[in-house]
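Below: a set of structures, written as structure tokens.
Presented sequentially are two complexes of subunit A, the first with subunit B as partner and the second with subunit C.
Coming up: the complex of A and B.
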């Protein structure tokens, strides 16, 4: 385990300080040159795009998953069937999600254009325009992520003691009031966990972005994950890939530490 | 579950039930469902319809396109209901021998990954569950945290290492790399299972003179067979779904279905959409099947740890 994960990771990070190619053996120590190069390159654009992708694919599925969990938890008719059906997007492999949305967002024959036409939206090549590609990718990833969040929150909702709601109702608390005073605090732990995991996963998500757009058009959907991959396996430049990876990992750790601190503080209150 | 506890309305829809509440504030004898109140009911239905549409319409479109004759697909606006159902996409799929190779590779690699993951994680999980030693907790969390390491980065070294040992484009490379991401989950799943086996049972066996290994093989593992099946299926699915490792570490003759399909269909001038959608359905089937087999376990196992924490 240590050997198969920790060792590769460390060696990958060490390449940050070397000039090394994927196809030519041998390497040369170059100190911080690679890191400086990366920072002077498009690092901040990548950071910005990674954050947009990560926040979008964390918040949107969370909103949908939470809404569905709450709705299905009211035991409306067909709730169990619905819960099962809703898991489909989560079950299908990532490449299938990409194929499906690639087809939906297709500029010439895509169903998205047909659905939006009555609303007066001009047909678009959603995945081929820098302005819309990122959103199209976020929507595809959202479709894949929300079922898991729904399942987690639904399980959490079932542990909220009914007595709490009954007591609050006796005291005249309305539905909205009870949602914020009982449901949310009771679910705080699980909400925090779900958001944290989604953030970490999305921060390094690769499959859907890579298949849908390959980072394009004009690099507008490039994130750290796709960029490291491109640098290493299309550009054969391990040194710069390692440097980018090192910065990426430091950023991820920093963000996670900030988040954990933040949520711990929230707990003390 | 037979819980009848009440749930608040989804935040996405406004609801005016707060005022109604005041009128019916008499104590109830039988627990009434919150859904009995119209405001909440409407809100619940609204969110199920909106979110459910988002979740299921793409699935319908996947199925519908796969059954559409090829010449009807390239028309705009697209037909929401194909005028005739055609299985030609499925037929041409099964006559494609390259796809058959990918399928074969997928099955071999995923099955071996599952078996290997279960064997290794059974011992690791047992050690984490039943022994107490320094560094145990640290190691446990390291195993969990290793899931968070970016795969694209791991790949850089895995590629160089496999290349140095001449393992590129082999099943071994794929199985080993898949195991890096199946092990953490399997270890934690099995540890959870072993935790439920009472220590008294093991102590009793020790008293009777059974060796440590004997205890694992004749008592603990048989008792946790369901857990091992679940962990194995889980590893199978993760291996089956992998894209990035198989894309990079193997060539066309050893590649699995996900990168294989991308290579076959994506980037063509006129993608054969019905065929691609049909292939997508076929790739998803084993996963769906695995999930149905262990739905009960997965959902409870997945959430048990989280809810307790």
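Coming up: the complex of A and C.
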């Protein structure tokens, strides 16, 4: 634990207080200067963009995953096969997913423009416009993560006693009423857990954003994860990268506290 | 209700570990950095009578289908000659300098490394490159080539392919708008008019597949120089001056008119050009094989026409950027043999000519340049005459922080292109950021 967690973590925390380059040997103690610089720089823009990405990639796949889980929980033919096929996006490595969507969204020879052209939509540079790039990234990430949510919720749905639905149906409750009065309350725990875990994972997500847009155009899809990487490995500025990482870690720790509390409550129930 | 929960305990542990590990990784970017050391050359270069050993060789060209066979041929040749194994390492060009830097810094890479001469300052600053001056002697490298692979007076690399990046056009497409192969517009105004004529041909043609992705937006620097910006004056970065603002304003106008296209880097440009969707793009001679190999047009090679970059006003000298590949040696395991390999790959005549046949990049030795194979290459000769002849190095290369400076400028130019910033504000900010980095 000391070697794989404590040492790099403490060393990184210390780095936040030094002016230190990745390539030039030596470093100089600068106190809280790096942290102040980061807070006075684009920290709040990064926070906002990270939150947009995180919320988008949590809510959208949740909605799709839940809808599909409900559909697959019915007695439709081929449900098992469909369940297996729908897991494929989740099994594809993030970098491959990124290249796939990069091809789909390419402004010059992408599939999306080719599909939209017959509808009269002018070709768009989806990944190269601030207004569309974040949505493109969110869609790509959604495609990758909805199967996991679907499987988790489907597992939960299959534990809901069928008698509850039958009794409610006899009492005259319609589909929507049963959904909100029986299904959702029965799945409350698993829904909370899935949303929280997705939120935490997406808050620190890196690969799809970085491969698809590199944080661009003009920083419009930059998140904490990509910005730390850019600062350290393109800017070679370990001090500011460490400071940004430190602030990011503090925010993540707050999420950990929520997660632990949530897990404890679940166990108590 | 608890029955509805999945296996929470394992998720809890995994989630917490992952979170903690990634959080640590996020802030641990410099976890194992040394805190002292020098930036002078390391070790003694070459075999100097010692027996050859296995070593590593890094090159971005190994990731490029059109160029990789040339390097594989060189590696095979050296392995056969010395009876050693060469372990290849490769990263795509756009990621190469960062990955190589990390590997060198982390002690994971020693041996021979293919480098862009623009990166020598950044790599030399790490203090792990060998001085290869003893290996450069008596091998017939041209003075210009040796100078291109030198930084701060030290021969940090052996020059391999020293040429330039310039405009390459499709002669057939240009003829459709009345531009003859030797009648390419010489001024910016004429160039822009030709681009408009090309666009008017319709069919989704991108007149000029200029770089617009941040990874290759350094290409805009040569346009800044064309508009009269020196980029650097002494130790002062001049980006933000009137000429650089004017250049970026013009670039943005091309973008807004659809004369250049969003979402393009060098590799996209090659792809668009090879498919006949772009009429002009920026490249080094190495691009020739890439675009012709992938093209549905079997005659594209005969239509390739390198042209001089237009100037702001008649009488100005066309600008072109020196672009060179060199082999540096990172001190450590296998470095002695890596030095010998660098000399072999860059100056053994048969090896160099075999490489030229595949990559088409101008060699760095006088003997190879004068050989029939190189001298009789029409495209190569035209490229040298119209582009390389007036090529200059980028003055920003003189700074060890060049890579970061380039990123700062590229990101701000991209902000202008997508409408997030005004040219004057963005270039002022770019100049200030760059100045801070070179201080």
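In this text, the second predicted complex is superposed on the first by the 249 of 269 C-alpha atoms of A that agree within 3 Å, B and C clash if a C-alpha of one lies under 4 Å from a C-alpha of the other, contacts with A are read in each partner's own complex, and residues count from 1 in each chain.
Methods note: contacts are C-beta pairs under 8 Å (C-beta built on N, C-alpha and C of every residue); 3 or more make two chains touch, one makes a residue touch a chain.
These numbers were taken from a predicted model, which means no experiment stands behind them.
Trainee: Could you look at A:35 and tell me whether it touches subunit B, subunit C, both or neither (first, second, both, neither)?
Mentor: After superposing on A, A:35 lies clear of both subunit B and subunit C.
Trainee: After the superposition on A, what does A:46 contact: first (subunit B), second (subunit C), both or neither?
Mentor: Touch partners of A:46: none, neither subunit B nor subunit C.
Trainee: Pick one for A:234: touches subunit B only (first), subunit C only (second), both, or neither.
Mentor: Only subunit C; A:234 stays clear of subunit B.
Trainee: In the superposed arrangement, which partner chain does A:209 touch: subunit B (first), subunit C (second), both, or neither?
Mentor: A:209: touches no partner chain.
Trainee: Please work out whether A:100 is in contact with subunit B alone, subunit C alone, both, or neither, and reply first, second, both or neither.
Mentor: Touch status of A:100: first partner only.
Trainee: Return first, second, both or neither, reflecting whether A:200 touches subunit B, subunit C, both chains, or no partner chain.
Mentor: both
Trainee: Decide which partner touches more residues of subunit A, taking subunit B and subunit C as the two options.
Mentor: Touched residues of subunit A are more numerous for B.
Trainee: Under the stated touch criterion, which partner chain does A:186 make contact with: subunit B (first), subunit C (second), both, or neither?
Mentor: second
Trainee: Should A:137 be classified as contacting the first partner (subunit B), the second (subunit C), both, or neither?
Mentor: neither
Trainee: Once chain A of both complexes is superposed, is A:129 in touch with subunit B (first), subunit C (second), both, or neither?
Mentor: Touch partner of A:129: subunit C, not subunit B.
Trainee: Considering each complex separately, which residues of subunit A are in contact with subunit B in the first and with subunit C in the second?
Mentor: In subunit A, residues 4-5, 7-9, 11-13, 15, 22, 106, 108-109, 123, 152, 155-156, 159-160, 189-190, 193, 200, 204, 224-225, 228-229, 232-233, 238, 241-242, 245, 248-249, 252 are touched by subunit B and also by subunit C.
Trainee: Which residues of subunit A touch subunit C in the complex?
Mentor: Touching subunit C from subunit A are residues 4-5, 7-9, 11-13, 15-16, 20, 22-27, 106-109, 123, 125, 127-130, 152, 155-156, 159-160, 186-190, 193, 197, 200-201, 204, 214, 216-220, 224-225, 228-230, 232-238, 241-242, 245-246, 248-249, 252-253, 255-256, 259-260, 263, 266-267, 269.
Trainee: Under the stated contact criterion, what part of subunit A meets subunit B in this complex?
Mentor: Spelled out, the residues of subunit A in touch with subunit B are 1-2, 4-9, 11-13, 15, 22, 63-64, 66-68, 70-76, 82, 84-89, 91-96, 99-104, 106, 108-111, 113-114, 117, 123, 143, 146-147, 151-152, 155-162, 165-166, 169-170, 172, 174-179, 182-183, 189-190, 193, 200, 204, 206-207, 210-211, 224-226, 228-229, 232-233, 238, 241-242, 245, 248-249, 252.
Trainee: Sort out for me which residues of subunit C touch subunit A in the complex.
Mentor: Per the touch definition, subunit C meets subunit A at residues 1-6, 8, 11-12, 15-16, 18-39, 98, 101-102, 105, 122-123, 125-127, 204, 206, 212-215, 261-264, 268, 271-272, 275, 277, 400-401, 403-404, 407, 411, 414-415, 417-421.
Trainee: Give the list of subunit B residues in touch with subunit A in this complex.
Mentor: Subunit B reaches subunit A through residues 1, 3-12, 15, 17-19, 21-22, 25, 27, 31, 33-35, 39-41, 43-45, 47-48, 50-52, 54-56, 58-59, 61-62, 65, 73-78, 80, 124, 142-143, 146, 148-161, 176, 179-180, 183, 187, 240-241, 243-244, 248, 258-259, 261-262, 265-266, 271, 273, 276-277, 280, 283-284, 287-288, 291, 295, 299, 302-303, 306-307, 309.
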